[in-house]
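Working notes, beginning with the structure itself.
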Amino acid sequence: MTAVIELSGLAKRYGAITALAGLDATIDGEIIGLLGPNGAGKSTLLKCLLGLVPFDGEARVLGLSAARDGAAIRDRVGYMPEQEAVLLDLTAVELCAYAGELSGLPRNEAMQRAHAALYYAGLDEKRYQPIAGYSTGMKQRVKLAQALVHDPELLFLDEPTSGLDPRSRDEMLELVAELPDRRGCAIVLSTHLLPDVERVCDRAVIMHKGALRFTGTIDELRGARGRDSELAVEVKADAHKLADALVGAGAACRVQSDTALAVDLPADATARLVFAIARDVAVQVRGLEVRRDSVEAAFLRVIGDEGAHP
Amino acid sequence: MTAAIARSGAGPRSAGEARRAETIAIERVSKWYGHVLGVSDVTWTMRGGVVGLLGPNGAGKSTLIKLIAGLLRPSRGELAVLGGRPFEDRQVRARIGYAPEHEQMWDELTALELVRALAELAGVPRERAGAAAERALEQMGMADARHRRVRGFSKGMRQRTKLASAIAHDPELIVLDEPLTGVDPVARADIIEQIRALARAGKSVVVSSHVLYEIEALTSEIVVIYRGQVLAEGNVFEIRRLIDRHPHRIRVECDRPRALAAALAGEDHVARIAFERTGVLIETRDPDRCYDQLAAAVLAGDIAVHALTSPDNNLGAVFDYLTGGGRT
Amino acid sequence: MSAIHDLGYKRYVGTRRPTSTRWRVIVRRQMATAWHGWFRMKAAVGLAIVTTCVFGGMMYFLTNGIMFRGFRRVGDLPLTIADGALPASLDWYRRAAFLLGLTVIAGAVAGDRQSGAFTFYFARSIRPRDYVAGKLGGALAMTASILVLGPLVLALLRLGLCDDTDALVAHLAIVPEALAIGALATLVYAIVPLGISALFASRRYAVAVWAAYWLIATTAAGRIGIATGSSWIAALDLARAIEAVTHRLFDLQLAHHLAIPLPAALGSIALHVALALAIVGYQVARAQRTGVGGSA
């Protein structure tokens, strides 16, 4: 089974500026988050993978060489850009059918798939009206639909939730999460919103200053499962009272606020200890979880101090 | 701060003197643009700190923000910011810092020139504007880039510059409309810290955003605008308590979910029990009693608990419950 | 028998059309969009149809009248309306084509740049040459429907008005002449505004510049050329250049203009067309490299 993306010594220079510095990686998965600060080289990587710019080294997408078979790759890859990228005087149906035909589908097939893609993206009667009159949410849906029309095996989504209000963001993320199952395509999701990545992605690729800093699963990024003895505990009140009692029972505690504390259980103890001690000191436990880095914390850790630049 | 889910047609507020102490005092304010409704009969006060302003697109958030910043005059009602009327009173506007969502930035200027010009416009005397601009830019992490033209800036740099221009004249109230759009995670963490620092220094901050975790990272005090009106205001968790239509959901991941469920099934505050792959999801109308009974059941039955979470006790769920399903 | 059907997703297993044929899709879309609404292609074509009717009518009803307004044969011989209507009509067909340029062609590439459509095109397997071929093909097809079709109809009408076979044979040349001048004018009126369109990232600017270029700049060049007596400068006025070729083709004598020699006229046209094509090619190739991928 060929990996979705394979890079071997991929490098790209614009004069004196190194945009990509010799990337080596095999990227596979269902929904892959592509993360990195501005200027990390993500858009350059995308251009190389789509075969739009020349580069050094090798890059293969879906088993095809980006240097030689760029057009074939683009026939199999869908791209949902962040910026405005639609022809405004067309209706959504016309645009998607046009997109399908431009990718080589025969006209009838393109029309059928345009409707199917628009159904998936959730645009109903509005599809027969010109795109110029659409709200941000609808425009995002059209952008998603036009990326799906030609039955791609890989989808690049660039900030798919940008500009959407909370409800629409949720809906869009739901659509994205279901794509691999319902459409049989892999997804590369490029976004700055790390909680979104936490929600839908199973793997992540982190870039910084033209180099790859991390490739792997989200779990690996967050630092394994975290040990079962390291807990984050939430209480209704009086966290310090519970902390004191737990320390007395052999645990190590760090109180973070009146309602939150971090607990390191002693050997052989389980979460039961927390409940038992809490009952003893009449503190109500409202939350208990194994402590793990959020994706955001893990990301900042990977990027490190040198990441802080305007 | 008490929480309230506002019912429409709230009665008149307390004495005018109390209003002086409030940072923002809005009373029955409406704003129309011809036939188009911006906000309708909004009554809200803010006494300081950081408040998150949320709402669906088109609900009236930007109208409210512009009213507070003094760019619009209310069609009806009383609007007082820092004790004065921002639309009419330049002195009041000079004490408000506003960073709009879409910047009309002059790409030809350098960051320093831009912030200095805006500071002067806000009333800072010319001799001091330069120093004020430099300080603001440095505070926002733009010290190195201050002599570069705005045209070449990334989105993160633009946002920082906007923020700097909003604080250069040392305002008491800062209004930010989507300050984190397009900003990468590194810059986001930094800007959030800057906003927190501003609040700690005593400034009042109103932040509007669609990205709820950004608001969550900044504050627990929110105000929700829906269909042109204030739908809810106050502390997120208290608001959650007030939403009685949706019982609280508590998820317990454990080794014997059915035993745990059996222990609670008889309680009348339990509305629903659902079994999931790794545990059980309980919906309860009385979370307080439920948590106590859960703890007791865990200890009594010697159940090994892996995780105890409340999936809908967060801003996202609260917002969803408030604005979902065609409320009212 | 009852059943619930599986509406699940079916992958596309058919063939894809080869990349080299994609430009036709763009041509069709160009023309479909241009035809939409009353004030774009329909207006220009409408003007062309009116022209055809008016001049055709003149040919039919006033066949043997004497041509007016200084139109005379070389050697100061009089010209019948039947013979002169076609060359005279070209003035009006050109106006219709200018209108088409204004409403459709000048905005074609600029509009794409403005709305971010390049990202839409080049994220697919469209190559710059397919895009250019598509836009060019569309512009040429639409313009030809005015500038080639119209004169062709009038030429056929002229043949139809001949009394006998000898006259028919004698006038047969009018058809290739009409096609030639039509084709030449089509090149100008399709490609030059397309080139201007590629220069700007705003549809409004491109249209304004096309109008300004045609109405002001070229006219100015013409007048300067006349004033200074330089036929090469005068030839920069494309309208005059086309006119000069028309007069050569149809053996007409210019009553009061500076005579622009054929090389100058054709040279000016070639220069404009080549420059426009170069601009389009360059801008589109550049767009393919930069248009996709956004800022981060």
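Note that the chains are named A, B and C in the order they appear, and that numbering of residues resets to 1 at the start of each chain.
In this text, contacts are C-beta pairs under 8 Å (C-beta built on N, C-alpha and C of every residue); 3 or more make two chains touch, one makes a residue touch a chain.
A quick note: this is a predicted structure, and the numbers were derived from the prediction, not measured.
Farthest chain from chain A, judged by C-alpha centroids: C. Of all chains shown, A has the CA centroid lying nearest to the centroid of every protein CA atom.
Annotation: 25 Å between the Cα-based centres of chain A and chain B. The distance from the centre of chain B to the centre of chain C, with each centre set as the mean of the Cα atoms, comes to 57 Å. Each chain gets one centre point, the mean of its Cα atoms, and the points for chain A and chain C are 49 Å apart. Among the residues of chain A, those touching two or more other chains are numbered 38-39, 192. Residue positions 295-296 of chain C are each in touch with at least two other chains. Contact of a single residue of chain B with at least two other chains is seen at positions 154-155, 184.
Partner chain B is touched in their complex by these residues of chain A: 35-39, 135-137, 159, 162-170, 192-195, 228, 236, 270-272, 275-276, 278-279, 284-290, 296, 299-300, 303, 307-310. Taken together, the chain B residues at the contact with chain A in this complex read 54-58, 141-142, 144-145, 154-157, 160, 181-190, 210-213, 287-288, 291-292, 295-296, 298-299, 302, 304-310, 316, 319-320, 323-324.
The touching residues of chain A, counted against chain C in their complex, run 38-40, 42-44, 46-47, 50, 52-53, 70-72, 74-75, 77, 79, 81-90, 98-99, 101-106, 109, 113, 116, 146, 150-151, 158, 182-184, 190, 192.
Taken together, the chain C residues at the contact with chain A in this complex read 8-9, 11-12, 14, 16-19, 22, 25-26, 29, 33, 36, 111-112, 115-117, 119-127, 288-289, 292-296.
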